[in-house]
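There are two complexes below, and they share chain A, which is joined by chain B in the first and by chain C in the second.
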Partner chain A sequence: MSNLLLFPIIIPLFFATILMIFPKRLKFQRIIAAIAAGTTLIAALFLLAKVNADGVQAVTLGSWPAPFGISMVSDPLSALLVVTTSIITLFVVFYSFPTIGVKREQSYYYPAVIFLMVGVNGAFTTGDIFNLFVFVEVLLMASYTLIVHGGEKPQLRESIKYLLVNIISSALFVAAVAFLYSVTGTLNMADLAVKIPQIEETGILTVIAVMFLMVFGFKAAIFPLYFWLPGSYYSPPIPILALFGALLTKVGVYAIMRTYTLFFTMDIAFTHELLGIIAILTILAGCVGALAYFDVKKIIIYNIIIAVGVILFGIAQLNQPGVDGSIFYLLHDMLIKASLFFLVGIVAVLFGTSDLRKMGGLIKTYPFLGWTYLVAAFGLAGIPPLSGFPGKLLIVQGGFEGPQFWGSIVILATSLIVLLSAVRIFIYAFWGEPVETVPLKKSVFNQMFIPTVILVAITVVFGVGAELFMPFISGAGEVLLNPSIYIDAVLKE
Partner chain B sequence: MEIIMSVAIGFLFMAAVYLMLSKSLIRIIIGTGLLSHGAHLLLLTMGGLGGNSPPVVAEGVSVSDYADPLPQALILTAIVISFAVTSFFLVLAYRSYQELGTDNMDLLRGTEDYE
Partner chain C sequence: MRTNDVMLQTATKVVTFIILMFAVHIFFAGHYTPGGGFVGGLLTTSAIVLLMLAFDIETVKKILPLNYVTMTAVGLLLALATASASIIFDVPFFTHAYDYFELPLFGKTSLHSALLFDIGVYLVVVGVTMTIIQTIGEDE
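Presenting the complex of A and B:
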């Protein structure tokens, strides 16, 4: 028993509370926000090392015995996700300095970002399904603040819809938890994994599993529940968009991953096949959107939906390459989406618009930006040796080994569409006749560009050095495929 | 008793869906309130209604003769959260009405800003 796994939740909570006391001091806000994200990252790295060395870590709060208290569990998957979340929050904080504007910075922008990190890290770490609901509400509350932050007209209009969709999904979450509790009599995930196989009537459990798929599907933006995402994500400024695109949908994906490997495994032929079909439909729906728009933000937003489909398809196969691939692709996608949003943010600032048809010729004035974008775009599409490749390779392999080989063919084919949609931005914005750009001070440009380049470099390292990271990934996959490791860690304290 | 509760929950969900499908923003907010009430009652009912029995195991109370306290703890948490979200939603609606000058969802589609 180690309290280390609580630090990535408590540290940002502490700093966010301090930040709320002095909203007007700009320098203080920036420094403390960076320190909060940095120390959380250090704690998360320690946690990852500890989990890697000693196996799954579990704490049950208040010294209650395991199924009765609220368990917090850190297995390799959640430790990896907490590390990635902390990295992304740190870079978003740095990227916010020049882009978000002083007025926003002085009205509780950084506390909301750090509170969002509290919720996301908590949701990744918790081992209790009702506690998952609470942490999801924490991060949603922070995201409500961020999506409407600044109070521009489109933001107000879109945040109403975002709020309504999430309230409905939260009510469904409570209802699904109620059904699950009445059938099993427990809400501890490890205990659920013990109790559910003992229940003979699997029909009702399948219904509950599909209800949870709907609840998490709202958050993860799967087909056909993704309708709210393109509009809502379009309205806030770029740093907030990067934070949302990288983290929020991934919480839903993680929750599906966890529940569908740990305890909703009583009727795999139905639930996992359904998940696989929905995943493929999600990819196709995302592809249509990614090709349909001439707006850089919209194109990358639809790429979020495609990636969600790819990750869930790997999980639906429930075999070793599929699950390993999903975990790798999930981490890759969080990093690459944040860096792509940073890059299109810089492009949009330079042209003063996000419409591709009003752009052109940027490669002449900002060549390094162009090549960085191209590397990130190739990483997104999964061109070897960049980071999209190993994950997609394993997911496709998992599909061919599983029953849904046709899904692998769709993923391979849609990779080309992803490449086309990302390269289209390159062709329109960087090639062609130079269009007049907004004059930008060199120092401001560097402040935006340096965090972006470092983040892209991290994704390159993640792809080229995939062999280095594979032990962590396959360790995480092993826990997902053998729930007994997870159960033993929680219940045998 | 469970049957009556189930009917009440069903009615709340029905009323919530009806209100949320209307165009006026304030009706939608009332709808979300009813929806969360329905979900909370469902949580309470699904844990099994205890009747008169106390939710604590004290001296002289057998384990089979006490009400499950967990749904009550859960419902309390859920109520606090939905209270916070509803108040945020009301403030948001007021502010949007000031800025956008309408509470009609038909006029809030935002198509003019999109291509």
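Presenting the complex of A and C:
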């Protein structure tokens, strides 16, 4: 099956179109959405097994020869990301049943979620930089729908900001792609990796590399381009927020990862040092935000920015522990952010507010929720043996082996701030004098809580069983550090 | 306020059909020369929009009782199904098939699977643009 790697894109696309035809049938919408995410997950797992067994998979659409047609490439990194994306979408669909509201469910909510998955999976799988732009547009279209979905006043206000930022960055994206094409004459990533080292004038390529860093930086929310993120992510309801927080910025991070390991390696001393410095500034900026707010959603949102910085710092080192650590931390962060948003979503529903100062004493009425949150918070901060630990350890090790050892020290120090910001929610919401909670039916609570617990359990397994997953991670790291594997798989003929 | 739109309405009744015919022409020209499902779809939409300007949305809804969102979905399905046929034959996705046939009236004609894909594109373009225009144009 040469087309196996396309299944995680085709399956959700098919189901999303089916969902579009019958928007008003509630049960149908829910079941088909769950089936869509579930079958995509199965296809993604098959793909991962195949990539693990037979090496990098590549197919060039329309039977054209490789640098001319659009190549789709599935290496271990993209297969792992596709699996994680499918898991998160599946749980977001389950979590949406009790939380999103019937009105939204009947106005194309599920098609938008599934279309978002199409875009994200596609962006992770494509091997052509212009096609990457196309898939980013697909996921942006879906995210525009989701961010205004319901049309509440703050949503409308923030969606204008979100639209403007993304349209400007998309315009820059096309411009950067055009520059790259005019210099190299190709847009196939594997072909770029062959042609770029042959070009002697690295100056112009460095400029293009920084342009791409800006473009992807807008999506990934790096310093100083993250200004749009806290406001825009704050306005939509929790399931959408979890989906955005777990997936959208990660596409930008993945794009930086891919381009800065595969072909923008002509002037590492400049570009990667710049990336490292920006990564550290991103972490610091995120820390300031995470401590400054008394709002549970805002605190976790600023933690997204911190994580983006940590992952990019690992990539900037461009050595084996740094890159492996980044991949591990990227997967961990997608899972843990989704579960944390689920948890604070439940807390916010219980208190009827997301303001920490109006909360307290939840541990007496919902003890299991409290301890689950604590586990997730420790996982976020990277306390061993939870899932944040192995990734961060490797990234810090990578930093100490490279020239930017001071960055590793910053990461270690800011881990404490991350812990503080997450535990602060625990202290305010779960300890202290009990505050009256909104009465919630047991069945509704369970519908929200069960997917959350399973997702937290997955992150725990990912952390405790890190040894099990390490072969996949180091396999992905190997392809990133040796572009020749990727190039050979695409341009084999 | 009612303006006198007899001229517009009379002209529209003729012009709409000319535009629609031209849309069909552009659609079929698209395989080897400029044109195709996207442009054909836009032209068709422009014909419908002209009808809307000359008459009103209610009249057009009566003439064309279509759900444009469903139309978009059907178009997407058609395009996806055409492209997915390559999976059954185990060739890379989007690989198209074609052959030459002797048809009455047309003579020797080449038939492409890409045509089915283009019909899908056409339906998507008409569906999406009409949904956008209707949503902006109609009152609460």
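As a convention for this text, the second predicted complex is superposed on the first by the 491 of 493 C-alpha atoms of A that agree within 3 Å, B and C clash if a C-alpha of one lies under 4 Å from a C-alpha of the other, contacts with A are read in each partner's own complex, and residues count from 1 in each chain.
Keep this in mind: contacts are C-beta pairs under 8 Å (C-beta built on N, C-alpha and C of every residue); 3 or more make two chains touch, one makes a residue touch a chain.
Values in this document were obtained by computation on a predicted structure and should not be read as measured data.
Enquirer: Under the stated touch criterion, which partner chain does A:Ile18 make contact with: chain B (first), chain C (second), both, or neither?
Expert: second
Enquirer: Can A:Met141 be said to touch chain B (first), chain C (second), both, or neither?
Expert: first
Enquirer: In the superposed arrangement, does A:Ile10 touch chain B (first), chain C (second), both or neither?
Expert: second
Enquirer: Based on the superposed arrangement, let me know which partner A:Ser2 touches: chain B (first), chain C (second), both, or neither?
Expert: Touch status of A:Ser2: second partner only.
Enquirer: So in the superposed three-chain picture, is A:Ile168 touching just chain B, just chain C, both, or none of them (first/second/both/neither)?
Expert: Once the two structures are laid over each other on A, A:Ile168 reaches chain B alone.
Enquirer: Which of the two, chain B or chain C, is in touch with more residues of chain A?
Expert: B
Enquirer: Looking at the overlay, does A:Leu61 come into contact with chain B only (first), chain C only (second), both, or neither?
Expert: second
Enquirer: With the two structures laid over each other on chain A, which partner does A:Val177 touch: chain B (first), chain C (second), both, or neither?
Expert: first
Enquirer: For A:Val288, select first, second, both or neither according to whether it touches chain B, chain C, the two together, or no partner.
Expert: In the superposition, A:Val288 contacts neither chain B nor chain C.
Enquirer: Touching chain B and also chain C: which chain A residues?
Expert: none
Enquirer: In their shared complex, at which residues does chain A touch chain B?
Expert: Per the stated touch rule, the residues are 130, 133-134, 137, 140-141, 144, 148, 151, 153-154, 156-161, 163-164, 167-168, 170-172, 174-175, 177-179, 181-182, 187, 231, 293-295, 355.
Enquirer: Please name which positions on chain A make contact with chain C in the complex.
Expert: 1-3, 6, 10, 13-14, 17-18, 20-21, 23, 59-63, 69, 72
Enquirer: Can you list the chain C residues touching chain A in their complex?
Expert: Of all residues in chain C, those touching chain A are 69-70, 72-74, 76-77, 80, 84, 86-87, 90-96.
Enquirer: Can you list the residues on chain B that touch chain A in the complex?
Expert: Answer in residue numbers: 20, 25, 28, 32, 35-36, 38-40, 42-43, 45-48, 70-71, 74, 77-78, 81-82, 84-85, 88-89, 92-93, 95-96, 99-100, 108, 110, 113, 115.
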